[in-house]
């Protein structure tokens, strides 16, 4: 190992390294910081952050098209910034914490938590700006719906209109339904009680080894509160949708919960479900790999079957069992917020209006540029297809497929024949759904944070085995409720009832 | 002496100055200037990346709100710390960190010494190189990849462990949902990852011991264990003590990669696996309570600081009694 | 007597003599061999899973021998290799440049700190080692990088943070202190300037320690996934480990979406594809590091850690 050897090794290493770096250096120029530095008062640059896959190659082209449109209508250009789904929460939290000056971003109760953002003052109050600068958007939903997004009297996010209600119901793969001869029975389902015989048939079919399936269903959870007409507020505390007085009860204490748990247990004992609980990604893998024939609890919406086919490649039949219920959680499932530190709040709200009212603008963001990424199949019924005769939209380089993340999905063009007509049907569903007595109410849990955390842990520990049917509900449910008592569920309940009573009294005035 | 002969291209001959210049040690100034220039790149880096960011320590004492930022947010004194210690989560995180670290350190020491001794016994063999390579290999694997194969082992339906249990007729466990085994799982993974390097360090200490001592002991009829106990261990003791003290000084710091990746951030496991570093991460990203994160971080650094000073003082005392140079600073 | 052993090659070390194959030695060999196998086993598991058919994996689970051999995961990756190739380019680039730069900076800092005549020795030492104790936290670090240094989403964000580690300065300083002063004095008498002494005497003599810290710094760069998490948004700049993390957490995030009733259509890599990525990301690097680990061993053995 001569001295010379080491030096030449060093030299080579440096040369190679610098060479590689130089090649890579030119890449990566999307800097958020740039946006705030380029803001002459006349034409602001609006930075819009949302979650998406990073392989949308045509994003710069779409951005240019959108900027051109935006320049015409609202005299502003657009900068689109995408974070991967897996790290969206982390990146946006950091960006907000560091006080970056992006303008708009995606927020929801289940990711980049809307309520936490409000508490940390990351979101701008919109209730005054929306009616002035975004009248169409403001008028597109009823005041009660907008109330769902209110916290402490102010609205902090623009609701993206989509299916608000959760008509839960089972799905079954079409090929299985036909082969096992249960198609008609399935379509006639009205309650989970009747599904037993169908599952028995399917089990016989599986056991005959046709098609290579392993489970009737990988997850038998039919215990979602909306299924039985309960609006869940927090920590497993619910209000029955028919109860206008808003009395809070414990969901795991109800008749419906026990019956559902017993049913799930029965299914598990009959071998319809796996003996070991599976995580959600395991469930997805199993469904994708064709090991499972049914999904017990999916949101059954108009056009939903087409979405599932697009996502997983399986044809399915779905039947809605739960009555559609309009809740706060359902209405605020997806929203776009304006950064409280944005340098151009008015332009940002105008952008929201543009996004939610201008059909061409919205669909450019959702689907891409006409003729390049998609083309008309049937303009009259608003049906499109991949441009250039490609098999799928992704082949053309732009297919985020998250219309619900951007704005009003009812403005979106239909991407598959079976989807046509879904939007008016869904809007009807929303409109005709029974509103929960608590629509517009948000629970402020700060005073009982410790109890909430404890109860959440208990719910997971005791409740999960019940949703998978691997324990006897007769002993487990009392144990669950007892543990919840010890964790302080009554204190949460009292606090919640207090807040509801105050809110209801204020509403009546 | 050889070096001077093989390096001929020096400048003009250097003559040590005499007289008043020497007394003023002028000859040292030039040297010092050069030395100072040498330190500049790294020093600037340290000032920028370590000292400028120290301003963040202030977050622990304010109610950090993004609009008012670091300097204009309201000063709240020790209230953040009060709140921090009143929450069960922070206390639990501290307890987990200390207990788990203590376990890692103690078991790690025994295992590393044992492995080092075993390697020492067969060091002359040509297989030892291969063993050593394999034992060091885990150290080079990133925690992300580690999380992949821990999953392959512990996944509920498809994992290797559960498959084996099923074949043996034992009921399989939902590993990622049960808290009890996790301290030991983490211990095993931590050992797997770290034994390579720690045993190497102890091994190098063992190699430096004069073999004549061992020869004498063998002639006197000492067994292997007696050789270890009376020769190896006492001579290695300073090294062991330093390592222990350093590890103890960092007892509130955990390897974020290990606790975040390997547990896949499963909420059900938090009672046993949540440590200060993951708690700080969640305070920043999930609950977005920046001040809490700042307070927890300051508390971690501060306690660590005290512990390092104490540890260093103890090491100095050992030094003095043994007349060797061991301390950190 | 003593058989020819490695001890002959290193005259300064004396190693235990080979005792031949007596029972205890065989036992020790077996024990250590088992340990070595245990260390290797998890990695073999990952390799085996990557060569398993996806459906067979979901049915039969993971095992050390694939239940059904298939290279479909690798085919899928090599069909669209740009992702992993670019990640390799990024990671290799920053590792090479970062290591060379980092080791140089650390050596340049450690050497003067080891000189007793250096006036600023104590204050600078204190400055350096104080940083080992106190940490400003993530938020100011993030603000520094994005708002003051403006390196967000550039290659420098990956390069700069790991250049100087106080621990390595310590190791190197100790090593430099251990070098005999007479050498330096003699060189000075012969007319060498401080730079010359550094480059031509100190550095070559410190090769084992330098190699050791170079290995650790390279490892830091190679395995780093958090820096990209914080600062990199463009997929062109994803380093390898971050890529592995992303494909896993994306899958989990997709599952979350479904629970809320929304459906996107990202084509997610299957479990076997993720394992294949892991093998491709780690395999070549591990083999390379294995070659260099002998320098680590030498470095540690010759007292880098003393």
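Going in written order, the chains are labelled A, B and C, and every chain counts its residues from 1.
Quick note on the criterion: contacts are C-beta pairs under 8 Å (C-beta built on N, C-alpha and C of every residue); 3 or more make two chains touch, one makes a residue touch a chain.
Remember, predicted model here, so these are calculated numbers, not experimental data.
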Winner on C-beta contact pairs when B-C is weighed against A-C: B-C
Chain separated most widely from chain B, comparing mean CA positions: A
Centroid distance [mean C-alpha coordinates] between chain C and chain A, Å: 39
Euclidean distance of C-alpha centroids - chain B vs chain C, Å: 15
Per-residue multi-chain contacts in chain C, two or more chains: 58, 138-139, 143, 245, 248
For chain A, residues that touch 2 or more chains besides their own: 90, 94, 97-99, 279
Touching two or more other chains - residue numbers and ranges from chain B: 155, 157-158, 162, 284, 290
Residues of chain C that touch chain B when the two form their complex: 3, 5-7, 13-18, 24-25, 28-29, 31-33, 35-40, 42-43, 45-46, 49, 57-58, 60-64, 104-106, 108-109, 111-113, 115, 117-120, 124-129, 131-141, 143-144, 148-149, 160-161, 163-164, 166, 169-170, 182-183, 186-196, 198, 200-201, 219, 222-223, 225-226, 241, 244-245, 248, 274-275, 278, 281-282, 285-286, 289-290, 293-294, 296-297, 300-303, 305-306
Touching residues on chain B, where the partner in the complex is chain A: 65-67, 69, 87-89, 155-158, 162, 172, 174, 176-177, 267-268, 270-271, 284-290
In the complex, chain B residues that touch chain C: 1, 3-4, 7, 10-14, 16, 28, 30-32, 34-36, 38-39, 41-43, 45-46, 48-57, 59, 64, 70, 115, 118-125, 127-150, 152-153, 155, 157-160, 162-163, 192, 196, 200-201, 203-204, 207-208, 210-212, 214, 224, 239, 256-257, 261, 280, 284, 290, 293-294, 297-298, 300-302, 304-305, 308, 328-329
Sites on chain C touched by chain A in the complex: 54-55, 58-59, 83, 86, 89-90, 92-97, 99-100, 138-139, 142-143, 146-147, 150, 152-155, 159, 204, 207, 229-230, 232-237, 245-267, 270-271
Touching residues on chain A, where the partner in the complex is chain C: 1, 3, 6, 10, 13-14, 16-18, 20-21, 23-25, 27-33, 51, 53-55, 81-88, 90-91, 94, 97-100, 108, 110-111, 163, 166, 212, 214, 279-281, 283-286, 288-291, 298-299, 301, 307-308, 310-311, 333-334, 394, 399-402, 404-405
